[in-house]
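Worksheet for the structure shown next.
Chain naming follows the written order as A, B, C and D, and within any one chain the residues start at number 1.
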Amino acid sequence: MIKVGVLGATGMVGQRFIELLDKHPNFEISALTASSKSAGKKYEDATTWYLEGSMPESVKDVVVSETDPNVLDGDVEILFSSLPTELAKVVEPKFGENFIVASNASAMRMVDDVPLIIPEVNPEFLDLVEIQQKNRGWDGFIVTNPNCSTIALTLTLKPIHDNYNINRVYVSTMQAVSGAGYNGVPSMAIVDNLVPFIDGEEEKMESETLHLLGTIDGGQVKYADFNLSASCNRVAVLDGHTESVFIELDEDIDILDVKNKMSNFKGLPQRLDLFSAPKNPVIVTEEKNRPQPRMDRNTEGGMSVTVGRLRRDNSFNNSFKYTLVGHNTIRGAAGTSILNAELIVKKLL
Amino acid sequence: MIKVGVLGATGMVGQRFIELLDKHPNFEISALTASSKSAGKKYEDATTWYLEGSMPESVKDVVVSETDPNVLDGDVEILFSSLPTELAKVVEPKFGENFIVASNASAMRMVDDVPLIIPEVNPEFLDLVEIQQKNRGWDGFIVTNPNCSTIALTLTLKPIHDNYNINRVYVSTMQAVSGAGYNGVPSMAIVDNLVPFIDGEEEKMESETLHLLGTIDGGQVKYADFNLSASCNRVAVLDGHTESVFIELDEDIDILDVKNKMSNFKGLPQRLDLFSAPKNPVIVTEEKNRPQPRMDRNTEGGMSVTVGRLRRDNSFNNSFKYTLVGHNTIRGAAGTSILNAELIVKKLL
Amino acid sequence: MIKVGVLGATGMVGQRFIELLDKHPNFEISALTASSKSAGKKYEDATTWYLEGSMPESVKDVVVSETDPNVLDGDVEILFSSLPTELAKVVEPKFGENFIVASNASAMRMVDDVPLIIPEVNPEFLDLVEIQQKNRGWDGFIVTNPNCSTIALTLTLKPIHDNYNINRVYVSTMQAVSGAGYNGVPSMAIVDNLVPFIDGEEEKMESETLHLLGTIDGGQVKYADFNLSASCNRVAVLDGHTESVFIELDEDIDILDVKNKMSNFKGLPQRLDLFSAPKNPVIVTEEKNRPQPRMDRNTEGGMSVTVGRLRRDNSFNNSFKYTLVGHNTIRGAAGTSILNAELIVKKLL
Amino acid sequence: MIKVGVLGATGMVGQRFIELLDKHPNFEISALTASSKSAGKKYEDATTWYLEGSMPESVKDVVVSETDPNVLDGDVEILFSSLPTELAKVVEPKFGENFIVASNASAMRMVDDVPLIIPEVNPEFLDLVEIQQKNRGWDGFIVTNPNCSTIALTLTLKPIHDNYNINRVYVSTMQAVSGAGYNGVPSMAIVDNLVPFIDGEEEKMESETLHLLGTIDGGQVKYADFNLSASCNRVAVLDGHTESVFIELDEDIDILDVKNKMSNFKGLPQRLDLFSAPKNPVIVTEEKNRPQPRMDRNTEGGMSVTVGRLRRDNSFNNSFKYTLVGHNTIRGAAGTSILNAELIVKKLL
């Protein structure tokens, strides 16, 4: 068992980390950090448990420590981070000196020597770890995963990008309220309503996706050479992001082949049979009114993205469109961080 | 006062017709039709009133007649139709023999000699009426308005199309449940969920929009020469359709000029000062998280479309994007039918 | 394995039966019935699956038969019924001639020789089976379970009634939309709204509860001798009924003792260790803002009722109040029917 | 025109004050206060407008001042307060020295010499003003109105209490999220859920109601001599509190007479024809599934309470039950404060 910790353990994504790690065969939670307000308390006393079902017994008595690189127990090997951006920017590099940090925070995603990875998409970006350690003289390192809406989209683009030349992508999202944290979206803002704006989200989708589908060239990430435009909306759904995707290729398409490429797509985590890897990262449904977030978000433990309404776009040449649903705090956050850690254990430790 | 009737008066859109006509200075409701089940009853007894506020006093005692061209009182001049498609296909042409039919039904929209009109967009299509009457030997005629999501979109495209060359349009909708009728969307389908499919809606948006922005040439409609792709979704909002729109022009854009063209857009109804015409068909908001359906759907009595987040699309050349909200049963249905009738009264009677 | 069938297998409660029976160690689904429209089709083709997760593989290929006592395979021993009331009234007595019918329908609940049972509350009412078979000359028999909101309430009243003299009970419910069936509550009726009326529900709660807490005396049910008044409301919750309960006793109360009596309550299913029996039929939470339907409905597989805010009612002598949450289609319907069948298997077969 | 100010003008209830005062024929807004963060800014710049429709033009340019008794312009006569409790406790008595304070805050409601008033219920409590001014040596004074859920309930109890001897009342509420302020209820807490706890609400309902229905005796409030028990719940409704009410009288009831007493009830504001007084404070509907918050909250501008399902309670002697809906931020807050001020103007100025 590898000892792991969760940075920012009392929040929404922190709780997902705990829920997923509690059943993990190789990882054992031995440190939980939060703000100074919670430090020193038992996790049970410091936390309002937001997820359905109960707080796992195994963490109730863990004493929360402050999110401070100096006080963390040296036995811990891997830290999962769901810290707020500003704090992550300051402390993740300090934790990186001695620990392996698998971070869901956005702070370090676009730093040159920090790999931004979805294990099924660009596991080879782990090569940056060596450069990062050398650059910085660290014993540990930081690996990040992208934004929730980017992860779901990019998983579906990967088998297309591998097999066709994408010319352009438009995506309009309908994102769940849990993505903003427990207190992020007031009910007054979303009952009988929706909010067509999520600060910074479109920029993240537009850059992270091309980054992830790019290549490493001389220790540098070379972005994929198509363009993507996003419009992001918040809707009255608890968990599960839905995205309407429009794609134009450089060549003619065979929609059945696109479907097969998506359905049969397997990445390195599937080949390595990693614990958190879904059997199929992308599932294509034929039902005419699916995917739907409440019905499809938990497929394969919330680690698969469901694609539906895959159809030729008759308005444009070489074009098709589809709708996807992915669980934003499992596949889109904690689950991918953990899968990153599993990949690291297999490839680097 | 012109005597008018409502065909399909007990349904959701039928009730909007009644609500709007009740305060109308030139129209007086004198006939209400419904299925044989309701025929012979007082409207008050035949109808569960679904709209906020109470059923107007003026219609409570109107005796509902069956939707049958043979039984309708000859004093009525204009009939507003919110009939189901299949029924409309059969009876609207019969009503058209003797009455002016302003229809919100989809049945006759794409018939060659039937004008499909949004008064601010293509009032000149009224010229088809003469052809229609001649073709069919009718004293009356039928005029239709498009689908709810098409109306909102096309009103915002009109000032762009008038001033620029549009190359392509992508639109992803988040539509209100009222669009499916009172019983159309079960709560089990939409609480903590959304449905990424509305039967026939995408096809309507893709064809009706280009039809409306086209021209009449030798008595034939010539479609606008760009393409449009739609993806339609149903969300947990009562009234008000929201649409994420992506536009590519053939030329460079000045986003401020686009904004001004939209804000300053006036159509014939504004110039003729028609009763139901909003002062501005399109309102552009600068607030960063608007438009929102609950907050913006009732602007100018539900007859204006609100555009927000109008911004350059940096992912593509000559491109911009925005979000719009329009009231689907007012501007998107009954209100536009009534505005069509006001235009007819002014231009043809 | 005992062969069982589900009558009305395509509806909401029918699907819950299938979901629960699919994992059952002693019951094996071998017949599924529905209306003539579905008869002859594979279950997979006849059914839109409404529950989260997928339709169990085991039933996909089962050919649906019509709900007709003459056509049912004689190998089936137990039939679970989720038929509509009118149909149940006609066909359940016919099925009862040869099969054991464990019914969730309301049709036969108040018939003198038909036991109305919650296994933890009044298992001794099974004695009526002998009378029923004798009266009617049947080889089979019918056992019913009460209404969803009654089950949750009565489970919490049972340990109080066993230990104190209840004088009066007031209950106001906030019931989930699933209780009305998939299409029962339109989204237009419940988004930003609630409906303070559920046809027949208050009468059922007021009579069934006293029936269940009564005694069998000379083959007749003698009702419990206190009174209960209910007010029933439908709210925008998918699953899980919440009830505000006010109780006055004939004697002084010790609130801690009430709590212990509830928490420690075990019925015959617990003592017999029946498969579907929750460890604790009633769970008392101390958290100040619980129980909540989304958070607590699935406790012990949806078979426990959660009580919270148990507090002395300082406005009245000998009084206390609390809030409960129970899963309406599991504990409140299919789950209790199945528990009834398990009890029958243990005691009567 | 009397110059008025709003204390706490940027919040939810503050905005309702502004919306209602904007159309008021006798009051003119000339001061708006908020926290130091907003002070010095134009109201338009200090405020996110939460209500449907736009911020009234008349207040956009008003410069917000800090909520500080020392800085307020001496021309203002009446101050409407929607301050948070803790702040109200400190500053309202200071404002009371020189201004008339009509407060919706709870801080001073239970202070002996401060009248707690619903104008239709206990206008005679205004007599306490003289005592208050004498006790404290103030030129101004404070008048308060009760909690939102209390106001709606007490308006319906008043005609009963005037005509019958009430023995006991049980009430279970289903309260709108707006009652907790714009940010009060996270969407994660209420979508597909409800919360059966509102801090301090039950205590307020249980004491304020009896206070309001009491009498003034020797300058002291003597409470009404029946008891009331409340259970308070928050549901996914934006505006409009719904309450299930159970009443036992000391005498036999004639349900038709109860209905007439409620329907015909008029208070002093109706007799004085005050501007904000609804024609009927209580409206009784016969529709079987009403009142509903979305459909009935805005009756008579949100100032009437709608009662429905008024029925004999057959479970108990001398008992009946009903459901009520009242708008929580209009009738339940700002509207009643303004009506109090109108009463003061008429009776004391």
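In this text, a contact is a pair of C-beta atoms (placed from the backbone, for glycine too) under 8 Å apart; a residue touches a chain by one contact, two chains touch by 3 or more.
All values reported here derive from a predicted model rather than from experimental measurement.
**Q** Would you mind telling me which chain pair, B-D or A-D, is linked by more contacting C-beta pairs?
**A** Between A-D and B-D, contacts are more numerous in A-D.
**Q** Among the chains, which one keeps its Cα centre farthest from the Cα centre of subunit C?
**A** Max centre-to-centre separation from subunit C belongs to B.
**Q** Need the CA-centroid distance for the pair subunit A / subunit D, whole Å please.
**A** 47
**Q** With chain centres defined as C-alpha means, what is the inter-centre distance between subunit B and subunit D in Å?
**A** Centres of subunit B and subunit D (C-alpha means) sit 41 Å apart.
**Q** Hunt down the residues of subunit B that sit against at least two other chains at once, touch-wise.
**A** Expected reply: 191-192, 236-238, 294-295.
**Q** Which subunit B residues qualify as touching subunit D in the complex?
**A** Against subunit D, the touching part of subunit B is residues 52-53, 191-192, 294-295, 298.
**Q** So in the complex, which bits of subunit C are touching subunit B?
**A** Going by the criterion above, the answer is residues 12, 50, 177-178, 182-192, 236-238.
**Q** Going by the contact rule set out above, which residues of subunit C touch subunit D in the complex?
**A** That would be residues 168, 170, 172, 174, 192-197, 206, 227-229, 231, 233, 235-238, 242, 244, 246, 288-295, 308-309, 313-316, 319, 321, 323 of subunit C.
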